[in-house]
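Order of writing sets the labels: A, B, C, D, E and F. Residues in every chain begin at 1.
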Amino acid sequence: MARAITLFTGQWADLPLAKLAEKASAWGFDGLELACWGDHFEVDKALSQDGYVKSRWDILNRHHLKCVAISNHLAGQCVCDAIDARHQRILPPRLWGNGEPEGVRRRCAQEMIDTAKAAKLFGVNIVNGFTGSQVWGKFYFFPPTSQADIDEGYRDFAGRWLPILDAFKAQGVRFGLEVHPTEIAYDVYTARRALEAVKGHPSFCFNFDPSHFIHQFLNPVYFIQECGDRLVHVHVKDSRVQLNGRNSILSSHLDFGDPRRGWDFVSPGHGDVKWDPIIRALNRAGYKGPLSIEWEDSGMDRDWGAPEALAMIRKQDFTASAVAFDAAFASKG
Amino acid sequence: MARAITLFTGQWADLPLAKLAEKASAWGFDGLELACWGDHFEVDKALSQDGYVKSRWDILNRHHLKCVAISNHLAGQCVCDAIDARHQRILPPRLWGNGEPEGVRRRCAQEMIDTAKAAKLFGVNIVNGFTGSQVWGKFYFFPPTSQADIDEGYRDFAGRWLPILDAFKAQGVRFGLEVHPTEIAYDVYTARRALEAVKGHPSFCFNFDPSHFIHQFLNPVYFIQECGDRLVHVHVKDSRVQLNGRNSILSSHLDFGDPRRGWDFVSPGHGDVKWDPIIRALNRAGYKGPLSIEWEDSGMDRDWGAPEALAMIRKQDFTASAVAFDAAFASKG
Amino acid sequence: MARAITLFTGQWADLPLAKLAEKASAWGFDGLELACWGDHFEVDKALSQDGYVKSRWDILNRHHLKCVAISNHLAGQCVCDAIDARHQRILPPRLWGNGEPEGVRRRCAQEMIDTAKAAKLFGVNIVNGFTGSQVWGKFYFFPPTSQADIDEGYRDFAGRWLPILDAFKAQGVRFGLEVHPTEIAYDVYTARRALEAVKGHPSFCFNFDPSHFIHQFLNPVYFIQECGDRLVHVHVKDSRVQLNGRNSILSSHLDFGDPRRGWDFVSPGHGDVKWDPIIRALNRAGYKGPLSIEWEDSGMDRDWGAPEALAMIRKQDFTASAVAFDAAFASKG
Amino acid sequence: MARAITLFTGQWADLPLAKLAEKASAWGFDGLELACWGDHFEVDKALSQDGYVKSRWDILNRHHLKCVAISNHLAGQCVCDAIDARHQRILPPRLWGNGEPEGVRRRCAQEMIDTAKAAKLFGVNIVNGFTGSQVWGKFYFFPPTSQADIDEGYRDFAGRWLPILDAFKAQGVRFGLEVHPTEIAYDVYTARRALEAVKGHPSFCFNFDPSHFIHQFLNPVYFIQECGDRLVHVHVKDSRVQLNGRNSILSSHLDFGDPRRGWDFVSPGHGDVKWDPIIRALNRAGYKGPLSIEWEDSGMDRDWGAPEALAMIRKQDFTASAVAFDAAFASKG
Amino acid sequence: MARAITLFTGQWADLPLAKLAEKASAWGFDGLELACWGDHFEVDKALSQDGYVKSRWDILNRHHLKCVAISNHLAGQCVCDAIDARHQRILPPRLWGNGEPEGVRRRCAQEMIDTAKAAKLFGVNIVNGFTGSQVWGKFYFFPPTSQADIDEGYRDFAGRWLPILDAFKAQGVRFGLEVHPTEIAYDVYTARRALEAVKGHPSFCFNFDPSHFIHQFLNPVYFIQECGDRLVHVHVKDSRVQLNGRNSILSSHLDFGDPRRGWDFVSPGHGDVKWDPIIRALNRAGYKGPLSIEWEDSGMDRDWGAPEALAMIRKQDFTASAVAFDAAFASKG
Amino acid sequence: MARAITLFTGQWADLPLAKLAEKASAWGFDGLELACWGDHFEVDKALSQDGYVKSRWDILNRHHLKCVAISNHLAGQCVCDAIDARHQRILPPRLWGNGEPEGVRRRCAQEMIDTAKAAKLFGVNIVNGFTGSQVWGKFYFFPPTSQADIDEGYRDFAGRWLPILDAFKAQGVRFGLEVHPTEIAYDVYTARRALEAVKGHPSFCFNFDPSHFIHQFLNPVYFIQECGDRLVHVHVKDSRVQLNGRNSILSSHLDFGDPRRGWDFVSPGHGDVKWDPIIRALNRAGYKGPLSIEWEDSGMDRDWGAPEALAMIRKQDFTASAVAFDAAFASKG
């Protein structure tokens, strides 16, 4: 049976949910993965306003859209990061407060706990998001960086997230970290290290998004093979390496959409992600959740691209084989 | 005429200069590029102790070794960086002081000015090194990072380095920034941006080191083509991409020498740097300075590798053509 | 005019023909290539039971399906092979008998003669299949294997198959060997050697199937170029090389469908076969027969895959040009 | 808004325009780019016969087809070429005359001026075409060829074309040189040299056709990046490199369509052109003109291929993004 | 400290040991790996003739040659194989006997036990060799082959080799299986399966030879990483993939040395083996044994090639690093 | 036995032979291939001046240099070419005369006949050179070019060269056409067509030079395989493809040595030619003549490069195997 195809609303936060739901439904999406920003899913209102949660379902139901996951990348990012001016721009004033770093980190940690509660109220049991990281920016190892330095960063992560994860567990909600540069885990090795840091906490899971692996030259299939038992959600997002000897894979401090960059995000199906092997790996891993399109392409009109991406992934989402051909042959006669 | 082949002493700072000079001379090196750490070239002593500078030359002369450049990467790194515990480990107590970040940055800026003075006293007019950077760690652009954010980092760099560069100019010494991730410039685009930030200051030059371009997938020849007029020094160092779909080009927070890394430094001649096109480009750019081996390979004995690297690069260092074959043919008859 | 697209029934032998015909017709196939196992086309019944042949046509006609070829790979395989327990599993008891190898080989040789007779009765003049081989397993040449050893294997093949081929000729039926590892011919060189061994017998032809060339790193187009005059049938089947440095192109004695294998069969259009150059080569060779989908993919539901493969190949099956552009331009004026 | 998709009529000159227009309209094309040969658009009649121009529009209008450009490659080719017997075959007798080379060149130069006049009368302001070249055949530089030799060729080009370009300007029509081997410009470097030769004449523009870059191993996107401000027209044509170690990229004096050639033209979508990056580059360059399919494939029926190519390029012609994702994210909260 | 470079005598069995030792010594080899065929090391004489063992050492000592391993590939091959005429050609009459397969296998199993005894007498504790395999030829899995079939082959191997391995253990000698197509283990997966079949018997070890991995597209480094603790010996042998779309990686039943083959053995340094990463992996695995050149190249004079190969590998055999550069940097100041 | 390594003097014609011979001998060359321009070998003097031929041998003998071939590319080029100003620069006045094209062609044809006579007098039986071509410049096939047009060019070639080849045959001298763009043959297909045009004239042979195949993407080994029976001479020359998406394989009318070119000649060993497979192919073809270094590299000092190239090719020139390893193994026991 085919999986549900949903649209992640994070890149459409400039549109009210009512309008976006109408569009997505008209394009043929099966559901939405609501972002906890814009007016799509507001955690504070969900916990404080009667009828808020129902208001979200009313909109969804009106357009026959499912919702099995919400996402709170922005608050999650601030839980472990060294806070700077950029974080202010992604947080509402109630979380930013006076901007004192440790205060920001603590308020955002609490916000993640609240997000789990709001998810429970809303009736979904997956919250995707980011963790931030104290050590991400040290990846190049100069000034010389010891494994002790890195271990300290993973301890910091565990110290801040274990209480959050316990709260998730209490709500019966799982956290799906989107494995991504800038986060505590961005590839298989760091995903394992993060898992070890939280001692394999049952609520610590992954939101698989291959677009973040392509420009690291990782094969997304290997991630599914090694971490498939922790997959709770899948993003359909694509990226493309466009190296030419003049541009760096590190992107030269150039904006997304600048053609001089060494890689960029593109509409699903237009990049280097190979979907067939991913579908096979998801089938083997037994993943039955949605394929959620996170649409981002600085060179394409999103209203042109989103329905095209939907059609693309629907055509790719095949089911596993029910027969073994060897056996079939062997029983012939 | 062949270029001088020198050895950068930075990776041998555990050996006293007298011992290293003896080794290098025996291996056949033409000279040394002295690091401003260990006892190789101590800036404070050069400026404060009579006879210190002469003591360095005595060692060099005893072994018939030239010196045309000194290097101070460690102090330079601290001029613009956000200071953390790792910086303490690369600085002497007199520069670290109480570790208050802005104080560290200012003392290191003064140290770079002093390095130029010491160089002049020592009789060399090139100081190689690093700059540090306020924006390096923001290269991934999440949380969303605007060009205004990045511009601010380049302004910070210019504000801190222009006084240093003026002091260099006053001494008739040029600064050779080793273009390198973690620095204000790590590829052609950022090298240009840095140059613009300091309005093309005549003392702001480059130490070309191809090993830092390989794992960014940059063609080192393009750097020489575009920045050749600012080359004052060349490092012969090598690196190798060893991607396999499981490891990240961002290296997964794994130590140098760990075979799981996506790339690593290797002895010159054992990596992905192609020296022939680099020699051609240096010939076209009119570079006549030394080829200075910066030897670093976590998987090879350095006493085995350094003389091998010397032999390798000597064989590659050919001179440009004096004749035009077209013209030669055309005048035949 | 577009070619007929048929479905080879060999991988569907667990379904009765009546049911499969209904499915294939609903999916839009033009016809079937009947396997001589399961109940699809039973050679013994065709020769011994009145009305059997008509019963097959009744099923086909009911669903408006063509049939231009039948296939008997399993009996053919046993004509030259060293017989072991695996052969018992692919043969009916009447052919296996007591399993004494030479007896099995002889009964299967007779079965192939009977297949030609049954084909004639059924009204088709192509029988696809395998030959088996005495020397296939010696391809690695250790223990040291001389060309005399190999020649002996080709003589054995000729000795066993020439009488069969003569019988085919007498019926006006051609044999289409599916060029394939485990057979007497698996690439261009061995196809030629086999042809020479049977002195170019006019009934010895080929069933072209590119999926068996891909993992040998053969370009299927070259096979068509060199053996195009012997092509009587074409299989549309696909395979994919999935090497990663850890798995062997020889597949490590791992099952089809095991993701650790170095290559595997996949649904047509999902693998490494490039169909456009093959269609061009078939057009140049003048091949007008069917494109017969042999559907095998251990990671995909066959009911999902077969109609997708049909749509894929229909879109690819273009006709040759009727005009020469050079001439067109030259006559303009 | 999507661009118009037109069909270049040059390869269909054996069909009367009325018949071709009917076909193209039925296939769904938005318009035609008329060739100045066959009966499609006859320059001499346009200037001399009342009603000729209207007769062309009548045909187009009857089929609801647009026309924004006409093309005169054949006469243009003869303006600078060394004239030989092949040129006679592409010219009408009135232009060939007695075949004396300089006379042919002058008559063809006048024909190009007349083409601009006819375009104006017809109501289009773009004429695509070729220039010919005195130096094309000298590209290999043996016998030794100096830059002075080449400069002389570009001077010859400028001398012959500046009067033509002035006449174009007087009519308000721009010339779109199809950058192409055999012409004065065939890549970025030669396009720039040609532009310099005519001192950047405002009527000297380019008809971009990626099929001519592929077999030169040029990235078509770079052409758009560097010459985008001179693009007046775009051809959708494709080619494929089919090297195998035995055939030369120079094509061995073998006919188009000969499978032994090192490259060949193929129906758009079947070759090595990657359309997505081209569309992005055209979007960045602000190109709003038509995408004109020049259909040529010696191995495919043109009536099969042309509508397939139309469908292919319509699916690719996406519009640029109206939002900046960075900004979008940054304003969330 | 550099490893000893020895020459495997198997490909020189047409020369008496006395002559070969003289040559090898003159070329500069440090020792020999004696083959148990020709007159190099005769197992039966070693066990039965007084002074035979000493006679071998006399020859070796006369030329200052070491010996740390002997090899008996030919008898080993016959322990598990289906015996055919080719095996007769590699066995002496005393082992072939009447050629009845099971008898041959048993005599060869006893010969391997005797080889261990002879090794002990001779004073070496490594015997390299082959095992043969009942299932090698079934690798393609047609006729359909179940994992039960393969398991049966591994059980057969264990049944025949466990008594041999016990005898090895009793002598304090280890068996080094050369991992190789035609053997029970030819890649990492089958090496593990073989190890499991003999329940990790301590005398079952590996002779690493990268030439057998190259044409399977295996990365030899991965074998060392995964089986490094079982490495007792290393062959320096090379092979080259020479695919061109016309030839098969399965080699088309063509002789070694035939340029039409898809791969072939070549003199070490002339093929696709990359020695630097292998040396690094051996260093990491702590391998201190010899690098033994197995010289085989059907296109090169062996007297030309063997000393060249010796010089090549000596230059590559570098030692591991004694310092950690990170630590070095970190302690600078 | 190793082949003689000679130096082709064509690129050193600015030096008097006496000086060049001294250099070449000091570098260790075994001999020279004399160019028929400069003062190296003057055809007119050889035929008209007593003692001229001896004077050449005196110089050679004084330096212990062999000579087995002379070369006359420049006169040969003018036999079939369309003559233009460039040809004047490569011809002496006595051949250029008044420059009337047909007169130039006829005088150069006679000069080639005289070259054969001079070679005979000088005691060598190979003359290498070029043929020129009437159709080279038409290779792109636009304006549309028919096979009849090309056939006419090959007829012109045959008409002009058959008398020359007959004269060669009369002298017992063979002509070695250097297969090369700008000539009648530049790859395998055109070499065959040229051979057919002269009906396989026994004096029409080839001078193999791989540098001219590399940038056409031809595998030089295939040329040897297919034309090996016509090889009379071999040039050791190298070239390198340096494509980057911006430059054309057709070289953009840029000078040799311009780094923007798509390919360029480089010193042997510095380019893309793989010598090992060429040596194997020459061994199989039974070629026993010299390996003659044609040294041309616009980016390297020729006095640096020539001896390096000599050392490079001497190390590569291995002899074929005298033993068959299969047979060797098979006879062991």
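The rule we apply is simple: a contact is a pair of C-beta atoms (placed from the backbone, for glycine too) under 8 Å apart; a residue touches a chain by one contact, two chains touch by 3 or more.
Note that this is a predicted model, so its numbers are computed, not measured.
Participant: With chain centres set to the mean of the C-alpha atoms, which chain is at the far end from chain A?
Facilitator: Result for the farthest chain: F.
Participant: Where among D-F, C-D or A-C does the A-B interface show up again, with more than half of the contact pairs the same?
Facilitator: The pair repeating the interface of A-B is D-F.
Participant: Contact counts by the stated rule: is the higher one at E-F or D-F?
Facilitator: D-F
Participant: Would you kindly state whether over half or under half of the residue numbers at the chain B/chain E interface are used by both copies, giving same or different?
Facilitator: different
Participant: From the centre of chain C, which other chain's Cα mean sits the farthest off?
Facilitator: Greatest centre separation from chain C goes to chain B.
Participant: Report, in whole Å, the distance between the mean C-alpha point of chain C and the mean C-alpha point of chain E.
Facilitator: Averaging C-alpha atoms per chain gives centres 39 Å apart.
Participant: Can you check how far apart chain A and chain D are, centre to centre, with Cα atoms defining each centre and the answer in Å?
Facilitator: Here the centre of chain D sits 46 Å away from the centre of chain A.
Participant: CA centre of chain D versus CA centre of chain E: separation in Å?
Facilitator: Inter-chain centre distance comes to 63 Å.
Participant: Going by the touch rule set out above, which residues of chain F reach two or more other chains?
Facilitator: In chain F, residues 74, 86, 89-90, 141, 143-145, 219, 244-245, 255-256, 326, 329-330 touch at least two other chains, as defined above.
Participant: Touching chain E in the complex: which residues of chain D?
Facilitator: For chain D paired with chain E, touching residues are 244-245.
Participant: Which residues of chain D touch chain C in their complex?
Facilitator: 10-11, 13-14, 35, 37-38, 74, 86, 89-92, 242, 244, 255-257, 259, 265-266, 270, 296-302, 304-305, 308
Participant: For chain F, which residues are in contact with chain E within the complex?
Facilitator: So the residues of chain F in touch with chain E come to 219, 221, 225, 276-277, 280-281, 283-284, 318-326, 328-333.
Participant: Sort out for me which residues of chain F touch chain D in the complex.
Facilitator: 74, 77, 81-82, 85-87, 89-90, 135-145, 147, 149-150, 180-182, 186-190, 193, 215-219, 222, 243, 245-256, 260, 262
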